[in-house]
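Labels run A, B and C following the written order; every chain starts at residue 1.
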């Protein structure tokens, strides 16, 4: 919120914003018709997906200050729940998405209730443990496909079956919708009671308690909101890639990337996750192509860079790109 | 004029390992008064506040708010009941603006964010921070930070306000302003319980003063009688202040 | 008989866990920062012992003092380069700084040394001995004796030397310690050095009989976190007792219920401790 501005300046700003929003809307909506090749669409889909996941993580980690290092567990719950329901009982993936959401809410309570009473470190450790245990359990559970994973059955394409084979465009729009849903939800949150309380909890939990805030309850709420959107992303991924296994939906690397996108962009800000995704995802796709020759080692190289970036960002610029941008703008004035 | 008892401490004790921080303290805060609590460093004043506000459960004794037993309740419940506090080391929400800080407090009694915002604006007007409402709390001077913490506590519409060394680190002009503000708060209907080290301030603003030393209450009464009380003087080892100069 | 065997194995394993946890607990007790890269530091020590053995034929038992010292230096360096800069930063930055470091070290190891499983060829300690009808692996026995020895050294250092007492003082009350002239920064660096040295000793001892690969440190780290929570953050004796208890829990639950569930049980222990007694057995928080 800037310090008071004069009215004509404010009106001009609104006009510029309106123009920007309109241009962005035209670009985003028309993109699949201009770039019809699969790769550019795939790139945008990945950007939307990770921006959505990072934004969901942001609700808990950025706004409420509770750091989760195992968020992939919710992604995996979403992916596996809808897929198993589809394979075993032919239940629509949309219903499966709902089931995944409900299951992740249950996990929220089981993990959050005991660990949120204490400092953030306890919670962070618990999230790592939960993430890894989930991966281990699924990898050893034949019902869930074990380490081999599950193939989503190929069905006639259409919105009802949540599968599209001839073009990626519907996936593009669905992922865009998911991203917008999380972002709109976060924007509403920012000006709601929960939003204020989240930020108070992040800033100083004891002072928050002295103002009557039931911090335990609100931390659970933040985790629940975050888990729900992450699980929805998981179901989307399953229906998009049509194959899931513990290494693709439950690994630590996924949790790391989600964190990195949020941290790189700027935690606790509305546009941080988008910024982080827009910068990181094309970079990671690029290095993947470039390092494809290195095979398995190439994957490790990604993580080397990500790990280094996380350390550097947290040491030098914890407010991320958004923070950097704000500092530049202030220095400009 | 009979004043009803708002807060009653009955033999409140608190121990940390072998150290007795509060030793069977009995105290009453009357509705509408400004009660002061003084004592040398380590006397247990902040510990007492922490017991009242729910951050420490006392090891002995009971605490009553009006007729209700509030011993050992959580800080959230204490705030809801109508007791607000500030902290010895200021604990404002650094990344939030002055207004947002106060809104968080106001949200306790307000039903909507809009209502909270209006209440917050009124409080900031009362405490004199309204013109700084969009500034980041981290960028305030120490005096304004304390004023903000106070505003935030006031926004919860408390019946009793606990102020923990709110004048520490202020220059004489700021102390005078703080004293005026405390008086205005009492005039608006809030009972004030103040812990202080700044003697001139506490002597002028309080109706009554209680004195703690090594966890025990050693004196209680009007400021003039406290200033001349031998036990009090001994406890402070000759901090020479006498009412009337 | 099998049960008794399980108990013995559990205690032996637990002593190594205790040593790893002690390093973590020391660091947290000093500055309330969790080393999320602890498992990766263990992994580095294991690889160190491996490479010296493979390239120069130096047995892990001989290279142990070298690697303990090397990890000590690494701890001090990590403090000065990374941790010192996030001491005053929000918890988010503190958590991510060591977490990112862990990710960095693990993937660097995978990149440079490949994900292949490795084993120290023909270590000095090998084989099994029979004691009172129970079979105990010699490397495991040596590892637990080494862990106990390291604990003894740690204990003596903290209790008897001046630096050790300064460390204790800083851990208990940083400001008061600073008032009597103890340099907090130096104490923190010392704490990191000793903490990683503990992990270094544990890693070299483990290399005698454990498979070595980039992710090896991770399950040990998770168990270390649980152990520290159980023993109490900041308590070295707590880490000792808790380590043994966790080792027993893991082995016995694996025996009685099933090997796939032993980590689940360890995590359940974590949840129970965190709910029932957040301070742990001997902790201060």
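The rule we apply is simple: a contact is a pair of C-beta atoms (placed from the backbone, for glycine too) under 8 Å apart; a residue touches a chain by one contact, two chains touch by 3 or more.
The model shown is predicted, which means the values in this text are computed figures rather than measured ones.
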Which of A-C and A-B has more C-beta contact pairs: A-C
Taking each chain's C-alpha mean as its centre, the one farthest from subunit C: B
Centroid spacing, where centroids are CA-atom means, of subunit A and subunit B in whole angstrom: 43
Between subunit A and subunit C, centroid-to-centroid distance (C-alpha), Å: 33
Where subunit C touches two or more other chains, by residue: none
Interface residues, subunit B side, partner subunit A - complex: 53-55, 74-76, 78-80, 84-85, 87, 91-97, 100, 103-105, 107-108, 113, 116, 134-135, 152-153, 156
Subunit C - residues contacting subunit A, complex: 28, 32, 34, 36, 82, 85-86, 89-97, 99-108, 110-111, 114-115, 214, 218-219, 222, 225-226, 229, 260, 263-264, 267, 270-271, 274-275, 278, 285
Complex interface listing, subunit A residues touching subunit B: 1-4, 191-193, 196-197, 199-200, 202-204, 206-215, 268
Subunit A to subunit C touching residues, read off their complex: 61, 65, 67, 69, 114-115, 117-122, 124-126, 128-130, 132-133, 136-137, 140, 252, 256, 259, 263, 267, 296-297, 300-304, 306-316, 318
